[in-house]
Amino acid sequence: MKLILKKKPKGARIIEGFPGFGLIGTIATEFLMDHLETEKIGIVEMDEIPAMIAIHQNKVIEPISLHYNKKYNLVLIHAINIGKDLGWKVAEAISEIATQLNAKEIISLEGVGSPTAEGGRVFYYSTKGTAPKSLEGLANPLMEGIIVGVTGALLAKHVKTPIIALFAEARSNMPDSKAAAQIIKALDAYTGLKMDTKPLLDQAVVFEKKLKGLVEKGQKAQQVQEDKHLSYVG
Amino acid sequence: MKLILKKKPKGARIIEGFPGFGLIGTIATEFLMDHLETEKIGIVEMDEIPAMIAIHQNKVIEPISLHYNKKYNLVLIHAINIGKDLGWKVAEAISEIATQLNAKEIISLEGVGSPTAEGGRVFYYSTKGTAPKSLEGLANPLMEGIIVGVTGALLAKHVKTPIIALFAEARSNMPDSKAAAQIIKALDAYTGLKMDTKPLLDQAVVFEKKLKGLVEKGQKAQQVQEDKHLSYVG
Amino acid sequence: MKLILKKKPKGARIIEGFPGFGLIGTIATEFLMDHLETEKIGIVEMDEIPAMIAIHQNKVIEPISLHYNKKYNLVLIHAINIGKDLGWKVAEAISEIATQLNAKEIISLEGVGSPTAEGGRVFYYSTKGTAPKSLEGLANPLMEGIIVGVTGALLAKHVKTPIIALFAEARSNMPDSKAAAQIIKALDAYTGLKMDTKPLLDQAVVFEKKLKGLVEKGQKAQQVQEDKHLSYVG
Amino acid sequence: MKLILKKKPKGARIIEGFPGFGLIGTIATEFLMDHLETEKIGIVEMDEIPAMIAIHQNKVIEPISLHYNKKYNLVLIHAINIGKDLGWKVAEAISEIATQLNAKEIISLEGVGSPTAEGGRVFYYSTKGTAPKSLEGLANPLMEGIIVGVTGALLAKHVKTPIIALFAEARSNMPDSKAAAQIIKALDAYTGLKMDTKPLLDQAVVFEKKLKGLVEKGQKAQQVQEDKHLSYVG
Amino acid sequence: MKLILKKKPKGARIIEGFPGFGLIGTIATEFLMDHLETEKIGIVEMDEIPAMIAIHQNKVIEPISLHYNKKYNLVLIHAINIGKDLGWKVAEAISEIATQLNAKEIISLEGVGSPTAEGGRVFYYSTKGTAPKSLEGLANPLMEGIIVGVTGALLAKHVKTPIIALFAEARSNMPDSKAAAQIIKALDAYTGLKMDTKPLLDQAVVFEKKLKGLVEKGQKAQQVQEDKHLSYVG
């Protein structure tokens, strides 16, 4: 694992949202990337991740990249496709980023399954042990649950930087942008981003489509990659 | 493997119960966690374990955590899901914990298959070579058997700390809380915990349900984790 | 990975075309090898690549070989069959070659899927950030896409040498020599090779056949290799 | 690999019999363990072996253990279940044991397939190159054959200690205690154990049953081990 | 990898023939072993090779052994079953042997598929770049082809010792002793062995049978090895 940082904004808040239940982490991060002015300040190189980049608006998007929003002193961690079983390693990388930036806090955006068909609630877990006032009425403490992947590994590792994990209740494991919209609302309240959260639900549909398109392209690309191995020698 | 210990209570007895035949080790450990006042004193980090935590009563439960009961000077080793083929490594970790705590004894709680449909007996194996008087009438020496997993590895490794393994006879490989109740009785007699063992059998049903719920949630979570890899690029 | 270089032509342009969508990279590289006077100046040894060479016109073609064209100061990277999941390692090797040659530029030849049935367009992505005038009317900036394999890894790795990637729009994942012909045209304009590009389309059919022949031979050879393991002890 | 030796009887003969064709090595070793007075003098720890022990007559039997018979100055190597593909590593361990004990000789007990339905013959291969007189009429030199596993690896490795391998002709790959009885006769003649070999054939049936019981228990135990991984999270 | 050499005949020619298309390399090596007076001068130990030896005429044949023929100053490399994907490592070992012996030349015996049903031709590739006169009328330069395995790896690795590879055209991937007879003729002419090549074709049938027998025995042995793992614990 190699962490390449062009800038080291001190005391920033780190926001991570990796693909997970209902794709909450991804949808939320994409939304933030689109609505906040950011500058790419670094990347994480990891040989275990599939060799795959996206090009978006004629810019390379590396497998894991770091984006800085100066106004709110935020660092967004953006991931394309981290593959399987890399929870511990990615968590280690995030912990290292937090140390190098002397980060104020790590905010994890994650999904959890809903016991009912409605979904839409938001929960949180904070390593500080105190209930954040700003989340009152918007999110409740997560009392019971099983958390896998990057967020699970972060919470297991006893990272020194304080962590707050926000969990949006997704109705299924399909991309759920309504649940993601709820997590953005809670994040907004928690961080004081003062984003205009009104168009969020309208945009949800757009995001969902965009993501589905990316899913298809990504699957096609991986398919091609695997086919090549079988079908070509020359 | 990294062992992080906040406290090192000297001369404690270490109790380990990992998932095994009839889930005896797990059920018994969960029961002890619920009925003894404990403080989390450490964790074991191991990259080979799936990146997965549980949140229970708004507290993070790491893949492997250590809990101290001051009254009886006990250290409980609690495991969520250690995955496959980690017997040697987990045994190494327990041996290291025992050394650091200068532990008095390691007590293993494990299940064995029953040749009859009744089950319910308890057996023991002690590395001290002497028959503990406190187990008379409650448990017999295990004469023949094949032991796999963490307890097998512990007994194979010639750990310096004395080990006593208690084996509850389980009727099948399904969670068997009746058998687990018997092992708790034996443990109680052996350690002098003086727990109220009367409600044990009544509670058995509750535990069994709880565990089944956890099994389902865990499977769902793992499923999601695996699905993600296949279905998302973005 | 071991890089063996007999000559180190300084300031050369490096052209890489690995098997990818529509086999564009391979077809284009083979065309350049056939139409430019080159001298083999080195090889890359990599144990992860299948142990397989080609013999062409009574000359050994190693799994990855480097060929120098003095007239245009070009170094062609030629690959036979790099197997699966080697994107990062091959990109690392190319980056190392570029450093040792103090290369002026790395030019990647790659394919992308076409949303329409026609295909035939060429796109580019340049790490310099400026639009090359020579490509006007021949190629447009790639605005959106997902790039896997060697080219993806090169663009993700923040190589110091400037990189321009040319992407030919292939109609399918079958060898597409028409698309490869288009990429050669763009390459010609970009590098000032002044190759006679007229016979390119006629030759396309020949190349396609040659490649299919190689594909079949390679598959047969691999098959034999795998069968041997199962069928022989002596 | 870790070799733990409590005693180092000098100049001993080492007898190894690992599971192989017709389970000859195992049956013969079990017979010797039952009929010779032995003391456990060490174990071999190897992480690649499944974490599994047997308890027999209330004593732990480690995956690989060493047992000393003082009367005949023999060291028996006893194995439970060494898993797959460990031939080279176990042979390395035996070679190390032989060096540490300054052993007089390594005796391998192994099975070979019989071309006829009768079986029952015994063959030998000696690295000393001379025909042992004591085996005249009991065993013939093995002229042709293919030997896999621990015995194969031992003979391939050019161990300094002299090796004699005894091969019993087994009728099939099912446990063949008649063939094992023949190898014990040859071993008896070769080493001068002066064991009462008369009851051997009668006991054969008993051993066969015992082994089959162990096989079933072992399979059940392994099954449970594998099931656990799939069915439990808690 | 460990190379153990009892003797180091200087300036020898090394002949290698590993299992490949039509088993040419193996048949030819076996023929040479049977018709030349040789002394075993060394072995190559490699943990990745299956732990398996052959016993032939009461002598151990290691997985890879070296045999010296004094009269013609030849070193034959004899292999039983090198398993899969070891081309690079075995080529490395041969290169090391050539260096230690200060070898005059490495001669590779290999098979290639035939485009026609007749087969029977012999081709060569020489790293010296000059056409050997002795092969005129017996073998032609190989113009096109794909070479896998040990010979492919040797030619790819830029070994310092000169290499000549002889390729017999085999009709199928079944053991083809007629093609092997042709390669022996060419080898004879090239090295001046002056072997009686007349009985070669008659013997072809015998070799083919012997090899098929070995194949069956080897498969059986491997099968047993694999079954054991599944069926035994004791």
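First chain written, first letter: the chains are A, B, C, D and E, and each begins at residue 1.
Note that contacts are C-beta pairs under 8 Å (C-beta built on N, C-alpha and C of every residue); 3 or more make two chains touch, one makes a residue touch a chain.
As the structure is a computational prediction, the values presented were derived from the model and not from experiment.
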Joint neighbours of chain D and chain B, given as chain labels: none
Equivalent-chain rotation between chain B and chain A, CA atoms, steps of 5 degrees: 70
Separation of chain B from chain C, taking each centre as the mean of its C-alpha atoms, in whole Å: 56
Centre-of-Cα separation between chain E and chain D, whole angstrom: 35
Overlap residues in chain E, where contacts from two or more other chains coincide: 52, 54, 146, 214, 217-218, 221-222, 233
Category of the chain touch graph - line, ring, star, complete, other: ring
Neighbour-by-neighbour ring order, given that chain B leads and chain D comes next: B, D, E, C, A
Residues on chain C engaged by chain A in the complex (per definition of touch): 19-21, 23, 26, 30, 52, 54, 80-81, 83-85, 87-89, 91, 113, 125, 127, 141-150, 152-153, 155-158, 173, 210-211, 214-215, 217-219, 221-222
Chain A-facing residues of chain B, complex: 4, 43, 45, 47, 50-58, 60, 62-63, 214, 217-218, 220-222, 224-234
